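Below is a structure I'd like to ask you about.
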Amino acid sequence: MNVFGSGPGIERRVNVANNDVDVIVAPRGSSRPPGIISWFRSVAIAIRSLLTGMRVTAGYLFGRDKVVTQQYPENRETLEMNERFRGRLKLTHDDNGYMNCNGCKFCEIACPNQSIIIKDRRNPVNDKSELDQFIWRLDTCTFCNACIQVCPHDALEWGQDFEGAVYDRRLLVYTLNSYAGPQARLIERAIKKDEQPEELKATIEPRSRYGTGVPLAGDELPGVPALGGEDKEST
Amino acid sequence: MSAAIVLLTLAERAAASLEVGIWGTAAWLAVAIVAAIGSMSLLGMALVLIERKVAARFQSRLGPMRVGPHGLFQTVADSIKLLIKEDIIPEQADRILFFLAPTFSLIATLLALVIVPVSPTLHLVDLNIGVVFFAAVSGFGVLGILLGGWSSNNKWSLLGAMRAGAQFISYELSLTLCLIVAVLFAGSLQLSEVVASQADGWWIWRGHVVTIVAFVVFIIASTAELNRPPFDLPEAESELTGGFHTEFSGLRFAFFFLAEFINMFVASALAATLFLGGWMPFQVGGWDTFNSVMAIIPGPIWFAGKVAVIIFISMWVRWTFPRLRVDQLMRLEWKFLLPIGIANVLIAAVIILSGLYFFPVGN
Amino acid sequence: MTDADVPSPDEPAEPTPRNPLIEALIASSYGVTDDPLSGSNPGVRVPVENLYDLLAHLRSEPSLAFNCLLSHTAVDRPADGTIELLYVLQSLSTGQRLLVTCPVNRDNASAPTVCGLWPIAEWQEREVFDLFGVTYEKHPDLRRVFLDDDWRGYPLRKDYQDDFMLTPDEPKQ
Amino acid sequence: MGVEKSADQALGGNYLLTRVDQVLNMARANSLWPLTFGTSCCAIEMMMATGAPRHDIARFGAEVARPSPRQADLLIIAGTIVKRMAPRLRTLYEQMAEPRYVIATGACTISGGPFIYNSYTTLRGVEDVLPVDVFVPGCPPRPEGLFYGLLTLQRMIKSGETLRQPGVRRKPVMSALPPGISMDDIRSEMESLLEADSEVDVEARRRQLGWPSSTNT
Amino acid sequence: MTAPIRTLDDRIRPSDTPDSPLDTQEYFINMGPQHPATHGVLRLMLKLDGETIREVIPVLGYIHRGIEKMGEAMTYRQFVHLTDRIDYLSALVNNWVVARGVEVATGTETNDRIEYIRTIFAEIERIQSHMLWWGVLGMDLGAFTPFLYGFRDRETLTDIFEETIGCRLTMNYIQPGGVMHDLHPNFVKRTKAALAYSKSKLHEYEELLSGNVILQERTRDVGILSAEDAVALGVTGPPLRASGVAYDLRKVEPYGVYDRVDFRTAVGSVGDCWDRYWVRVEEMRQSIHIVEQLIDNIPEGKTMLMKPAKKIVIPEGVYYNQMETARGILGMVLVSDGTSDKPYRIHLRSPNFNNLWALDAMSRGGRLGDLVANVSSLDLVVPDIDR
């Protein structure tokens, strides 16, 4: 039986790979010298070490304010995520409700696993490419922030929502944009320079989270199961 | 056989007390059994809940909170779920033994429970060889574990069962030596008389250091017999994925689970009875006012308090210490506890022969 | 040691070997050539016939004492018809590091095992065997390490075909 | 939930059986003992949820992590499942006793996540191997996100199986929708798609649907 | 001659002649891939004689995802996010290896602020990784409470990550050319508070577990790995240092700003579980010391020097660089063909893959309980083994 105790290490200086390195060596204790007295001493040390451990846990049992638990469903109202928390991707809008995204696909290219799929279209009024549908796959998204990092228009940001549990993975495919049409900057410019702003606005079409391209089935996306004939819900 | 003893005793008592013939005896028996099972499951559920709440506090968290106020009915939910859970018998398992194993475990516990003296009146069976009976039926419990490990046809289970067997046989020695110390002091094998002999002072006070040592060794050995951490080698989660009960599910697993917790209660109750005076209040020789105040508190509460303290210590230890290794466990018993236990019995004999009790009250 | 670590953007253009170790190795009889592509680390190329002898020399020579095989991997170069075996050697006593590259024939990739020199090579070679299909002569336990024993093909080869694998459409701007 | 109840009554279910069903389902929902199973990153966050005192899954009665699948009710698949692991996962699932529930946490288990493309081993969703009850997205999800998944599962259990139809699970679709989206939303989307031909008054539609705010969920 | 290719079944055929003098039979038992002590999906085939371990055969591949193959189809910047998922407890160091590899290859010089931030985060990550290990070791040895304490204290450090980075585990923060975000305004304050808290808790760990006689009995002279074996088996990181070889890349080949801070390398002398235990606990202390030196002196400067949307093309060549994660040396072999913005081949020399094979040498002759202690003391992260 060793004489225990995990005291401080021994400081030393050694040469490793031609560098002088300051090291601190683990304490080993010493083996028990023979004799009945040292045996009793080592038993006493052993029992004391057990009691020390029990003191620590007792400190938690009887101590005040030792419970650190946050009660999640009960504290939902007060629970706040950090401001940079990567919860859910969303498109930013200006004060009038127009989005900043113009469908430039920087994010789609930056995305490491094609979680963002952008469909664009050509606006008949100003003949510019614009966002038709911004599909975001929450089921594959890795929250790596690459899309937001590369976005030249600050059109994307993180929302704080973390409650995403669903019964069917097809529900995790989102269409983020609420409308298809020109970005806020173009509309503003059209209003300012009076370049057919009303006609431009008239090209706006509503898009939902579940728009045309991605129905609940989402069959076209790789890896997403199609809505089959069999009832998958009962197992 | 022990089951037969209990049943016969129960029947005798019933017949003697009611004098209503065979049917009355049967009815009394049925009531007693239902009451025992009911109280046992209630006790088990309460103990599991207490364990979980206490563990949570040790670990600076809250524990079950959402079923009932502060999770009061958590274990009720667990029990119902376990009752209605599917019961799987693995294809390769020995079906008969697989069925018997948890039942043995639970029956052993039930048998041990009936002899626990809660108070002079609340004492289901007062056998004249109560201490021996306890030693016998607690040996019965390991049979369930061994059978469970064997019948599962799983190497991990078998390893766990073998560990349990080795552990149990070893620690049974120390346990019995401690029982002998208590019996020597009390001069009787009947638990009610053991308690009565402590009216003047609990043996843990009156037996010098001998009973204190016996008490501590009894607690250690019973913890080891119960497979509770730090001696939970037969079911060591991180080593054996559950040990002997790896293959048991649903109700059968619940039997093992329940048996473990009731056993903890029984062992604690025995320790309280033998060393801490059972339902006897705390008495100090000469302090008459103090003694009378103490005597106001009813016996069952004294008993429950003592058991609670011992159970708490058991939980405290459980949630603090790492687990021992197999060979270390054996070393602890054979090189450490057993010599101490034997020396303890000899010293106890000397003390009793010379009548050198500590603060001899009254006589 | 530390000089091997500092980024040296202007170095590769110079034709002279950068390191006395490499000069010594080139002068030896192992058919060693300097590896111009080994980045900031000293690196040599060696034909497969001399691979074992060179590595044994590097391991046992007291002044070199490359006692740790940090990494062993391979690079598939179908254009050259070779698989380059790459040994990253590190000496924990001198702190020196050396990259040894050894091209082997791609169709019949085989190399001597170096398990006897560094025990860890046994598993690193198993990994390379698993993913590249390079067989190691006299290897004691040459099994696949990550993939199933009946896996077809060697996934890290450039021409690996797999029906299961999904390749995305490249987004066009 | 209401739908299921009325269906029971239509089938002739009586009050007592319904109450028993409720009690049983309540017990099941509040005593989900998870299997200690985790393969990669999500397992750490799962342990943060189950183990760390800050989140403490014990509040839901689910801290009794069982190492043996026989005794577990809940399989939280945390982490990537590859081809070689898939049969083992299936075995684990089959070893679990009914009723058994499965939560798939993290992008890897839902769809392959970061490893969906160009990986020769990673499964694209564990649904290929076993039936999943609840999907918890995230990479990895926060412990609170996992708790929300657990609550969603509890909701499913409470409204699911009955005594007369054991083993039949009903996923209440209404509560399965992601937050901020309701059936009404979907319905109005479909209506608006039907009216796509007609003229669009952006301002009115914005007021009607509240576009900016609807994305700020 | 080519060595015969065998299967696992060939490998685990029981031997006919057991070395035990008694008439016992050796048997194989399968530990994993789902086993509480293997921290994931490591599978160990154990050849046992009773409870005594005769041989440990690790079987891998239960989480082999082919990250190296995937890397060939990704740009360097995208590949960073995959490295998070290899050794997720050292995610930032993994990021850093790729970032530094790209920076060295393209000749980009980073500024001091970036290096300070990277070093601080790497050290905080090391502390939290070791805390988690401490808790898990406690649980593996049968003490459940340390597990919760470890996780509780780790949470304060995770908060630091979440505040600045937004993620708790897989962060994708250190990028080629800089870091993704600048520090959060609260960063310094919160970090100092967390470090002070961690320090007090380290003392508690000492009382609860380190000095405990049962832990000492379970770890001392268990799983001894000699220095020669450790080096030959390619063991790096705390297990190597516990064997007495003070080889720490932070000292020997300093990267980041490790050459400007004062700290000591924790080493052991015997190489048993206790030394590995103590080395890690001491490393937590040293890491706290490192962060304390740096936290007040973070210089000003830009935090991203490469445009995120710009293509990174690396000159042709083979680049190797390595760093010290919480588990050992993580090396990256990066092969570029000089034309594409994607690596031609990327190989990660993972510390756990190399450390794992020392398990057999450590555990032979020990008990089953010792094996659990050994696995735990190696601090294996299985996705890092399989990649």
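Order of writing sets the chain letters: A, B, C, D and E. Residues in each chain are counted from 1.
Criterion: a contact is a pair of C-beta atoms (placed from the backbone, for glycine too) under 8 Å apart; a residue touches a chain by one contact, two chains touch by 3 or more.
All of these numbers come straight from a predicted model, not from anything done at the bench.
Annotation of subunit D and subunit E: jointly contacted by A, B, C, touch as defined at the top.
Chains that count as touching both subunit A and subunit C, per the definition above, are D, E.
By C-beta pair count, the most extensively touching chains are A-D.
Between subunit A and subunit B the centroid-to-centroid distance comes to 50 Å (mean Cα coordinates, whole Å).
Separating the CA-averaged centres of subunit A and subunit D is a span of 19 Å.
With centres taken as mean Cα positions, subunit D sits 42 Å from subunit B. Residue positions 1, 92, 95, 147-148, 155, 160, 166-168 of subunit C are each in touch with at least two other chains.
Across the assembly, subunit A contributes 16-17, 19, 50, 53, 56-57, 67-69, 71, 106, 112-114, 142-143, 222-223 as residues in contact with two or more other chains. The set of subunit E residues that touch two or more partner chains comprises 35-36, 61, 64, 66, 69, 73-74, 81-82, 84, 145, 148, 152, 170, 208-209, 212, 214, 245, 247, 252. Touching chain pairs in this entry, ordered by label, are A-B, A-C, A-D, A-E, B-D, B-E, C-D, C-E, D-E. Put simply, subunit A touches subunit D in their complex at residues 67-73, 79, 88, 90-91, 93, 97, 112-114, 137-143, 159, 161-169, 171-172, 174, 176, 178-179, 201-202, 204-206, 208-212, 216, 222-225, 232-235.
Residues of subunit E touching subunit B in their complex: 27, 29, 35-37, 51, 138-145, 148-149, 152, 208-209, 212, 214-215, 217-218, 367-370, 372. Those residues of subunit D that touch subunit B in the shared complex are 23-24, 26-28, 30-31, 53-54, 56, 58-61, 63-64, 66-68, 70-71, 73, 95, 97-99.
Residue ranges of subunit C in contact with subunit E, taken from their complex: 1-2, 5, 7, 9, 12, 35-41, 43, 67-71, 73, 75-76, 86, 88, 92, 95, 97, 99, 101, 110, 113, 118-120, 122-124, 127, 131, 135-149, 155-156, 160, 167. By the touch criterion given at the top, residues 50, 53-54, 56-58, 60-61, 66-69, 71 of subunit A touch subunit B in their complex.
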